[in-house]
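We just call them A, B and C in the order they show up, numbering each chain from 1.
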Amino acid sequence: MSSPIADLTYRGYDGPLGGVSKRWWAIAKYQIKKQVKNRFLWVLMAASGWYYAIMIIIFFFLEQMAVNNGPQGEQALKGFLANIVWKDQFLLGFSFGQFLFFVMTWILGAASIANDNRANALLVYLSKPCTKADYLLGKWLGIFLPLLLMQLIPTLFFWLYGMTSFASYGFVGAAGWLILKMIPIAVLGSALSASVILGVSSMFNQGRIAGIVFAGLYMVSNFFTVFVKIAILFQGGHGRSRIADIPPALLNLFYCSIDGIQIAIAKNILGTAGSQPFGGGGARQRMAEVPVPSPIFTALIWLALCAAGWAIAWRRVRAVEVVG
Amino acid sequence: MIVFQEASRWYGQIIGLNDVTCTIPTGVTALLGLNGAGKSTMLRMITGQIRATTGTVSVYGQTPFANPEVYKLIGYCPEIDNFYEHMNGFQFVEHLGRLAGYGKTEARERSRRMIERVGMADRAHKKIAGYSKGMRQRVKLAQAMIHDPQAVLLDEPLNGLDPVGRREFMQLLQTFSEDGKTILVSSHILFEVEQMTSNIVLLHRGRLLATGNIGVIRELIDKYPHRIRIATTQAREVATQLAGLPYISNISFERDGLEIQTREPDKFYDYLPSLAVQHGLPIDGFSSPDNNLESVFRYLVTN
Amino acid sequence: MAVAEIRGLTVQYGRFTALSDFSVDIPEGCVGLLGPNGAGKTTLIKTILGFVKPATGGGHVLGADILREGPLIRQRVGLMPEQDCHIPGMSAVAFVAYAGELAGMPGNHALRRSHEVLEYCGLGEARYRLVETYSTGMKQRIKLAQALIHGPKLLLLDEPTNGLDPRGREEMLELIRSVSHGKNVNVIVSSHLLPDIERTCDQVIVVAQGKLRAQGLIKDLRKVEGAPIDVELKEENPKFMQALQERGVTLLSAHRNIYRVQGKGLPSDVGKIVFDAATAVGTQVRGYDLAQRSLEEAFLEVIR
C-alpha cells in the first residue's frame, strides 16, 4: 500500500549489482574518463606526431609541384621518393615522438597511485569488492590505454595519408601492412611506460614528486642513448665504417633507456635499423644507424623494466593495511 | 594560575578570541567548545606562541609571549602525533630534556623519572614508530613534564585511547593535580571531562560562555525548561494529577511512562513524593536526562 | 539468523597471536564491538571483511565464506574506516558514485543513489564541493556515505565519532541510530567511547587478548546483582540513611548524594518508602531508578 506522502529517509538499494570479478574495469574506466578530458594531453598527442606532420607537408608541396610544374616536378617527387624507405619513416616518427610520449606518460601516470597514497584512497578501493590486483590492473590500464591510443593516432593518420596519396607509388605494397606492425610496437612501448610509471608513482605520496622522479629516471637513462649518438658523431668516416669501429656492446647501450628500449622494439619488429630523417643522406648513409639489436636482448630489457615496475607497485600497495 | 584580562586576538579580520576574562586555578580545568570556538587560540596565547591583540594574558604573573621565563613554567602536550619515529621513547624525552636546558646526566635522570611516572618504564626502549596511541600520549605527557612545570596544557590528550588507557591517564593527571599543578585539558568528549573535573572554561565562537564549577553553572541554568522522565504503569493517572500544576509546561507520553517539562524543577521535586504517598500512584523510577554536562553544554551553546 | 558466524578462528602475525580459537555469532541489529588496544578487534573486522588468512578455523558473513568469498562479502558489507580517506580530486557526489561503481552498481544507479545518500548523511548542500575541502565532521560523514552507497546489509563503523566536537558527535550518533533501526541494516560499531556504544547499540561483543570475553544485551551487562535502587538527593543527608533503615530498607552504599538501597517488593513500593523517608527528614529526592553500572564499569570488569 502506498502512502500519499513519500518516505525520503534512508532506504536500502535493491537495484542491479554486477559481479565481483571485473572490478578492475570500473577503476580503469574512471581513470580513462578523467584522462581523456585533459585537453593538454590531446595537444601533446598532436605534437608527438611532428615528424609525420613535416613529412606530410613536404609530400604535399612536392605533389603540388608535380601537378603544377609538369615533368620537372614529377621528377623531383620521384627523386625524393626514391630515397624514402617507408618503414624507416614509421620508425623515425615513433622515435621522434618518444620525448612527448614521455611527457604524456608523466601526466597520465605520475599521480595515479601517489595521490591515492596521500588520501588513503586504497582504503576505499579495498573495502569494496576490489582486490589489490584489480586496483593495480585498473590503474595500469588507465595509463596504458590512453597512451596506446595517443601513440597510434598520429601513426594511423600518416598511414592513411600514405594509403590515399601514394597508392600509385607503391605505398600499399611497401607499407600497407606496416600499420599492423605499428600496433604491437605501440602496445609494447605503452605497456613499458605504463609499468614504469606505475611503480614510480606507488613509491610516493605526492604526484608531483613521483613525476619528478620519473623524469629523473628518464633523463638519467637517456644519458646512454645520447652518449652513443655523440660517440657515433665523433667517430668520423662515412656510412658503415662509422658504426663498424664502435664495439657492439657499446652500441647496445643506445637501447638502455626508456626511449632506447622502445626504439629497439620498433627496430626489431619493423626489421630495419633506420635511416636519416627526411630521406636525407642517400643510400650510402643508410648503414650509419645503430644496428638492430638482438630480439632476445630487447625482450629481456623490456621484461625486466615491466616486471620491476609491477613488482614495486605490488610491494608498495599493501592490502593488509585496510583497517588499523 | 593563568589569568586572562579582557584578552582578544584577531587573525586579520577573523576573530579567534573575543574579550575573554577568566582565571584558570590550580587543579584540573577543562577547556570546552565546538571546533573553531577559540580553544587553540587560547592555548597558543598561554604558550606564548601568539600575542593578545588587546588585553593581557598572564601566567604566574608574567606575560607569556616570547618570554622564555614563562616557557620554563609551562609544559605543553599538543594534539598532533609528530615524533622522531626512529627514536625510542626514552631518547625522545631525553632529547627534549636537553632542549629544555639540562645537561646530559640531569636530562637522563629526569627522563628516567618521568618515564617511570607515566608508566612507560618497561616500554621506553622500543622505537616510537611501534607505539600505540596510548603510549604516544604518555610519552607526550612525559616530555611536557620533564622540566617540572607549574602548569601543563593538554590538547585532546585522551583522543584514541581505549577505556583502560583512558582511565589510567586520568588517574595520572589526578596525581599531577594533587601536586598543586595547574592542568588545562581541552576535550570534546564531555563524559570524560565530567569524570576528570568539575571546573570548566567554555568557549563559543571566540566568546567566553561559562567558567567555573559545573554544579554552580547547572544550578544557574535551572530556569530553562527542565525535562524529567517518570516511569510508571499508570501514566494517564499521573498526568491527570500533574496537569493542574502551574509550573508544568509540557507533558508527553512515552513507552513506559511520561516526560514532563518544568521551569521550576525545585517545586516539582518537592511535589513529586505526594503522587506516590498521597495519591497512591506507582512510581517505578524517575530521572532527568538534563542532569549531565552534555545537556548543560548543549543548552549553553545553542542558546 | 546471525549476520556473521566465526568458528574456531586462529590468526597469527608472525609469533603474535591476534585471535586464538575464536568463535562468535554476531547477531542482527546494532552491535558494539569493544576491546582494549591490541585485543584483536581490528583482526576481527578484517576477518568479517574477508581479508584474513587464518591459521585455522573459518566462518560465514551474510552467507558468504570468509576464506574464499572475500570480494562477495565486501559487496554486501559497507566499511567506514577509522582513518580519513577519500579519492583525490573528486567532488563528493562523484566520489560516492564511484564508490558505488566499485561495488558493482551500474553508473546511472550509482549517481542517483549518491545524491540520495549524501542528502541523508547531511551533506546535501556541500555535495558538489571537492572532498579535500571538507572539515573533519564532513569527512566523517562522507565516509559513512561511501559505505552506504551500495545498500549494504551490514555496516562496519570503526571509531565513527573520532575527532568530532560535541555537536558533530551527537549528529553522527543520531545518524547511526537511524540507519540501524528500522532500515534493515545491521551495524557493528567499534569504538573506545563507551557512551557512544550505549547510545547506538543494543548489544555488545567484548574481545580481549584474542578471545571473546562477553557477549549480550547492554541492558543485561549493566544490571547490578539483586536489582537495588539508586536514589539521588539534592544534597547529602546523613539522617536520610537512618530514616531508611527504620523503614526496613537497607543501604548498600553511598557516594556523595547518591545512595544505593535495597528494599523488598516492587520498585514502586520501595519508592514510596524512599519518598516517605525523604519527606520525614526534609530532603528532596532528585532521582530514583533501578541501579545500573555504566557500560565502562561493566567493560573494565569483563576484561580484567
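One rule holds for everything that comes next: a residue touches a chain if its C-beta (ideal position, glycine included) is under 8 Å from a C-beta of that chain, and two chains touch if they have at least 3 such contacts.
What you are looking at is a predicted structure, and each value in this text was computed from that prediction instead of being measured.
Chemist: Based on which chains are in contact, what kind of graph results: line, ring, star, complete or other?
Modeler: Per interface graph, the chains form a line.
Chemist: Using mean Cα positions as chain centres, tell me which chain lies farthest from chain A.
Modeler: The most distant chain relative to chain A turns out to be B.
Chemist: Could you name the chain whose CA centroid falls nearest to the centroid of all protein CA atoms?
Modeler: C
Chemist: Please work out which of B-C and A-C is bridged by more C-beta pairs in contact, and write that pair.
Modeler: A-C
Chemist: Where the CA atoms of chain A average out and where those of chain B average out, how many Å apart are those spots?
Modeler: 60
Chemist: Please compute the C-alpha centroid of chain B, do the same for chain C, then give the distance between them in whole Å.
Modeler: Distance between chain centres: 24 Å.
Chemist: Could you tell me the distance, in whole angstrom, between the mean C-alpha positions of chain A and chain C?
Modeler: From the centre of chain A to the centre of chain C is 53 Å.
Chemist: Mind pulling the chain C residues that touch 2 or more other chains?
Modeler: none
Chemist: For chain A, which residues are shared contacts with two or more other chains?
Modeler: If we look for residues of chain A contacting two or more partner chains, we find none.
Chemist: Could you check chain B for residues that touch two or more other chains and list them?
Modeler: none
Chemist: Inside the complex, what are the residues of chain C that reach chain A?
Modeler: Touch residues, chain C against chain A: 42, 45-46, 49, 51, 70-72, 74-75, 78-79, 81-89, 98-99, 101-106, 109, 113, 116-117, 119-120, 132, 146-151, 153, 158, 178-179, 183-185.
Chemist: So in the complex, the part of chain C that touches chain B is made up of which residues?
Modeler: Of all residues in chain C, those touching chain B are 34-38, 135-137, 159, 162-170, 192-195, 229, 232, 234, 266-268, 271-272, 275-276, 278-279, 284-290, 296, 299-300, 303.
Chemist: Name, in rising order, each residue of chain A that touches chain C in their complex.
Modeler: The contact residues of chain A facing chain C are 8-21, 23, 26-27, 29-30, 34, 111, 115-116, 118-131, 319-320, 322-324.
Chemist: In their complex, what parts of chain B are in touch with chain C?
Modeler: Spelled out, the residues of chain B in touch with chain C are 32-35, 132-134, 159-167, 188-191, 231-232, 266, 269-270, 272-273, 276-277, 282-288, 291, 294, 297-298, 301.
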